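As written, the chains take the letters A, B, C and D, and residue 1 is the first residue of each chain.
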Amino acid sequence: MKNYNAGAFILAAGILAAGTQMASAAATCDKQNIRFVNSMREISQPYHGDLDKGGRLFLESVGLRDKQYVLQLNQGDSDKQVSLMRAVLASNPGCTVFNVEPNNLPAVQLMVQTANETGAWIVTHWSHPDGFFPYQGNDHWIAHIGVNSLDAGISVSDNLIKAMGGHGGIVALQGILDNKPAQLRFTGLQQELAKNTGVTLLDQQTANWDRSQAFPIVQSWLAKYGDKIKGIWAANDDMALGAVEALRAAGLAGKIPVVGVDGIPEAIQAVKKGEMVATSSSDAYYQGSIGFAMGYCVLTGQVPEPAKWTNEQRNFNLRLITINKDNVDQYLNPPPASAYAGDWACDKIWARDTGPAD
Amino acid sequence: MTEIDRERTDALTRPKLAFFGRDVGAAEIRRHLLAWAPAVALVVLCVGFAIGDPQFASTTNLRALASQAAVPLILATGMTFIILQGSIDLSVEGVMGASSLAFALLIHNSRTGLDLGIVALIGGTLLGACFGAANGILVTRLKIPSFMATLGMWSISGGIAMLISGGQPPQIRDMAMRMWALGDIIGVPHLTMVAVIFVAIGYVLQSYTRFGRYSYVVGGSEEIALLSGVAVNRHKILAFTFGGLAAGLAAALESSRLGLGHTEIGADQMFLTLTAVVIGGTSLSGGRGGVIQSAIGVLILTVLANGMIFVGVTPYLQKAVQGLIVLIAVVAATWHLRHRLRVVK
Amino acid sequence: MSDVAISVAGLSKRYPGIQALDDVSLDVRPYEVVGLIGENGSGKSTLLKIMAGLVKPDDGKILVRDRPVMPGDFLAAARAGVGMVFQEQSLLLNITVAENILLGCEGDAVRFGLYDWKKLNSLARRQLDKLGCDIPSDANTGSLSFAQRQMVELAKVLAIEDRIEGAPIILLDEPTSVLDAEEIDTVLTQVERLRQRASIVFVSHRLDEVLRVSDRIYVMTNGRCVAERDAKHANVAELQRLMLGQQLTDEYRREGESHVRVGQVRLSLRNLSSPSRYEGISFDVRAGEIVGLAGVEGSGREAVCRAVFGADGPGSGEILIDGREIRVSGPAEAVDLGVGYVPSERRVEGLVTSMSVRENMTLAHIDVVGRGPLLDFGRERSMVTKWIDRLRVRTPSVDTLAGQLSGGNQQKVVLAKWLIAERPRLLILDHPLRGLDVGAKAEIFARVRELARDGIGILLIADTLEELIALSDTILVMRDGAITARFDAGAPPPTSLEILEHMI
Amino acid sequence: MRAALPALAPSVVLAALLLGIGVFEPSFLSAYSLRVLMGESSPILLLAVAQTTVIMLGGIDLSVAAVTSLASVLLALILPGFGVWGLALVLLLTTAIGALQGYIHVIAQLPSFVVTLAGMGLWAGIALSIAQTTIPVTRGYSVVGWMQGSLLGIPTSFVFAAGVALLIWLALRQSALGRYVQAIGLGETAALFSGVRVDRVKIATFALSGLLAGATGAALVARTYSGNPSAANSLLLPSIAAVVVGGTAITGGFGGIGRTIIGVLIISVLRVGIAIVGIDPGYEPLAYGLVVICAVALTMDRTRIAVVK
């Protein structure tokens, strides 16, 4: 046994010796060797699928090779999300752009730190720790693009309540209460409920964002509350669709209004069919690509370096689109790259700013 | 090494044999008690919940229960034979993921041009069977303990599922299949019927076929099985294959119910199935139990889960509860086998 | 059809350190019952296992009705119509009687893998009826008594005859050893009935049984077939003499010096009992005394030893060591009380074969080489080396894997394991000479005597009576779980014959 | 019957992997990414060491990951209030959990994989019920925070993990306990007949496994500034893989911490390397599965399991 150990340590030592210093971050890069990394939780859910597609769509649109695109999945393991980022940065960090769906708040902090240390560039989405902003000297944190989940929650809840005619009982499917968005969306619902006393929350359960777990829960609710249920609120579309299927099984699809959040294609089709009332889209394609667009513009010198941007340019909330039967048609088909030309152009990367994120 | 093995088996069997001599009667009684316990527990649970909330006994909820039990019933039936033989299959969740994707991509869907209808169902099921067969071969040919082999296979099949999902979970557009999967006849969901048929098939296999009977033999004593010229390895591979097939079928059905090929479709199913089989009275050491017992186990857990939603308990507790149940059930089932010189790893 | 059902010629089988069978030939005529007798370890079981194809002989051939059968292929043997009833039953307790009887050869009760239970039960019924035994064929085997299961075993073997032309050959390996009187009687009656339909080889320790059922009797000693007798003209005394071969003269006898300096009582058993194993066992072992337990398999002597060592669960009665009553809940405590155990399954129970000699020798008393919580390897080596010299263990080095030593040296390592710490009070030797060649035997023999002289109480189970007599001061004979005779030290040592009479 | 895997094979594999990826991506051999590698591997190392001790017995502990997650949650909850005492308390608790599982394993004589499989569900479920969410750690972080620093350029977490590994390696090699563990792994019956208190040794080993799982939890909290009910779930297979890839036989007795360290490095290189080379992440679990199966197939000692179940 002894000598293996010896082996191990000698090896480790050798490894260290072999180390070389890494290149320091460069302000501008040749577009051909910019590396684009999409870092997200997993990819089995449609929303993440669209994030991934969006990213690839962008590379395609500016004529970059597919091998410049790196997809990183952390399976909900924050430590891994950070390690994966660091691992990639062994080479050419100055020309690496991260577009991050943070696994949780602490991860944001760690990844931004990493960016600062290594000179890599990072754009974060959804939410960041309170009081921690890009413009606090985090020069490589290009921007944080928040989603005002409260608004999302409010607007879908509003749609739901309208569809119910302002009174009756609802049940709510929560996501993993793991991140701020989940909580804010629900707060949105609660605020709406406070305003519309006619509507009562019969029950709520968490279905882990997941369709297959939402199905039996809704089934059981239907059994428990029967026709007391006048509407179903879900913290994301996947669960909403699970609910729709449960309703379909009970022959109630389309008869009981359902709302969700995310605006994934299936949900949009469901809205079209009238099986869902509304969903609020942060536009996954956009979220999966805008970070790349920003990084691309910065690194190719088409916009000044982020340090020179205004605070709001570096920390803003995304325009949300509430999709309901009135506007559903324009979102039915997955957008072609051209549809985003407007958003990706270096002078338009802030086009969807709706005010500073908190 | 056969010499050593011989000595070894002697050394290990001797105390056990001495044990049988005086234990048979007691063992019989215990077995009868254990045999009835699950059924009783099931009734008690139902009554309890029904009292707690009359709605629990409503036809709608019974239908909900029936449809919620469908998939676990199929899985448990498959798992039963593996455990009867004294092996175990931890790969269920991964296999389900892969089969779900395969099925969704073969049937009319949002990604491929294919539209194979029922053939897709068969395809998905067969893929599951293949994974199962692979498990069996690893256990019998490479002689890897089943919990290790299937643990690895879990990861492999899960990985394959992720690869073919590739970020675009295929939506199932075959409306006929969808509606059938969601529909019911006189209040009995189609899937439940399939499940019941599957359990029935399982029962026939267990009671009226060489495969089934020899599963008991293999679980009872592999040495004796070999001495009697039983093709132990073949029947092991068969059991794993059947288990995989069950997982594949379950995945395909669940997918058509949800309308999506989903890597996570089997989330938490392995544990549920295992628990169901064990509390049904099929001992993990093999040789005892059966399909019907496992079915009862499934019903217990389904009622428990459904009831928890009724009572409003956080679903997170369910896994913990299941873990506890498995432990208690297994201890109760094998406590009498304890012996000072028994070597258990 | 020839007049020989099965005949074996020139069978030899060697296990590490022992010649189990040495050029054995015998034949069995159709519808004949052949008795096979011999001491423990004389090779009876090995011979049967070879005939049944369970063990592959190193040499020799097997003919069934003049047709050669591939040695070591139990399926071939079964196809030829050879079936064996094992000492430890080979029934599955979790399936029905019918399934057990027909296991592996359900014939047309199973078509295309489908069971026809009616058919299966009737087939099984047929076998049971041959024995005129009324056990329901669809009963769960686990619910039967041991004797009933013995019947099922017989029926299972009988099932062979439906699959072959001619009469089956049935090998009965001590079918009565674990049964009580009336059970034995039923079994024997069955054997007599069987004669009408099968050729039988019947092995038993109970000579009266053998004489009762057999036509001819073969006698084995030390792996050889030394005599063949016609049962009609044989009698117990003669058979016993034959079994013991030339051993009657105790040339082994220890050179006169009745050394026994009887010390204080080390171990004493008071009315020790354990259901279905032994009943009311009481005796003492004094310091410096070697107490030998004589008895056949199943006489309960092993069980008693294991009980003293805490290896088997507690029965009733008392165990006193140095006068203090003890309740050992496991070997560990027995060891703490100064009891050492040299088990019969040397490679499994005695040694960790893939650990070194050094590690094995210090396994039981590692504390003596410990410095605080750590091990002092230097100390360990020196102690181990010392004992390697004391016991003259022949090993390349202290770090050789124990499994690589010869049987005798392995046994010495096991002994050393108990001696390396402060001397044990009591040493239990369970077949200490098993599988050793003559030289090694003599050596272990000498070592054991030395240990006794050093004042260790020794409880001994030996393979053969000659060994037992040669080694023991006091000899206790056990039969069917009870002590049937006692030959005290000092008194002129008994002959093997005397002992045998009380054994069987 | 020595383990079939040649003594140096794992080290060779490791070197090959490093070079292979190094050729494809030279920067992978930079001090920087090796630091990343070491940081990344420290939790797995701790878990793998825990697993090794149990596997040396011939058993397995499927609950380590779940216990680790539980520990991380508990720490996140308790550190702010109780600081270092909180840490001690949690470690004590996880040790007790391990001991409990060991106790059930020996008293009920259930296969260890059954007990710990049940445990896996139980502890994971409890962790989830305690906290569904990631709990950020700010106050009291310093208690574990030191692991985030670095010592002579090497991440402290790795120094810590390696230190623990070394300690336990010494213990296994130098102490009676280690000798017993090996004896039980290689010949439990003989150990029993030699008066070894097999039960106690097993319980102690499982307790140690629990303790290390707790330590891993602390390491994770240090690395992520938070506790999470599923923090370590993705580490179970890698940790087992590391042990068997190192060449420790799943059948017990052969191998040891030294081999495991190599195994861990191999697995981490795989983990990180896949990310660097830019292979589809889907291949990662696939790789683990294959690695585990192949390694077990190569290293296990078939002469010591009469029938494979």
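FYI, a contact is a pair of C-beta atoms (placed from the backbone, for glycine too) under 8 Å apart; a residue touches a chain by one contact, two chains touch by 3 or more.
None of the values given here were measured: they were computed from a predicted structure.
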| item | value |
| --- | --- |
| Between B-D and B-C, the pair joined by more C-beta contacts | B-D |
| Chain whose mean Cα position lies farthest from chain A | C |
| Chain B and chain C, separation of their C-alpha mean positions in angstrom | 43 |
| Whole-Å gap between the CA centroids of chain A and chain C | 73 |
| For chain B paired with chain D, centre-to-centre distance based on mean C-alpha positions, whole Å | 29 |
| Whole-Å separation of chain centres (CA-atom averages), chain A against chain B | 36 |
| Shared-contact residues (touching 2 or more other chains) in chain D | 1, 132, 189, 192, 280-281 |
| Chain A, residues touching no fewer than two other chains | 43, 71, 206 |
| Multi-chain contact sites of chain C, meaning residues that touch two or more partners | 311, 330-331, 345, 348-349, 353 |
| Chain-to-chain touches, reported pairwise for every pair that qualifies | A-B, A-D, B-C, B-D, C-D |
| Footprint of chain D on chain A - complex, ascending | 1-5, 7-8, 11-12, 15-16, 18-22, 43, 67, 70-73, 75-80, 82-84, 86-92, 103-107, 109-110, 129, 176-179, 206 |
| Residue ranges of chain D in contact with chain C within the complex | 1-2, 174-176, 179-180, 182-183, 186-187, 189-197, 253 |
| Touching residues (chain side chain B, partner chain C) in the complex | 3-4, 7-8, 10-11, 13-15, 17-18, 20-22, 24, 27-28, 31, 207-211, 213, 216-217, 219-221, 224, 227-230, 287-288, 339-341 |
| For the chain B and chain A complex, residues of the former touching the latter | 53, 55-56, 58, 60-61, 63-64, 67-68, 162, 165-169, 171, 182-184, 189, 254, 257-260, 262-265, 267, 305-306, 309-310, 312, 314-315 |
| Parts of chain C lying in touch with chain B, wherever the complex brings them together | 15-16, 54, 74-75, 78, 88-95, 99, 103-106, 110, 113-115, 117, 142-146, 178, 275-277, 303, 310-313, 330-331, 345, 347-349, 353 |
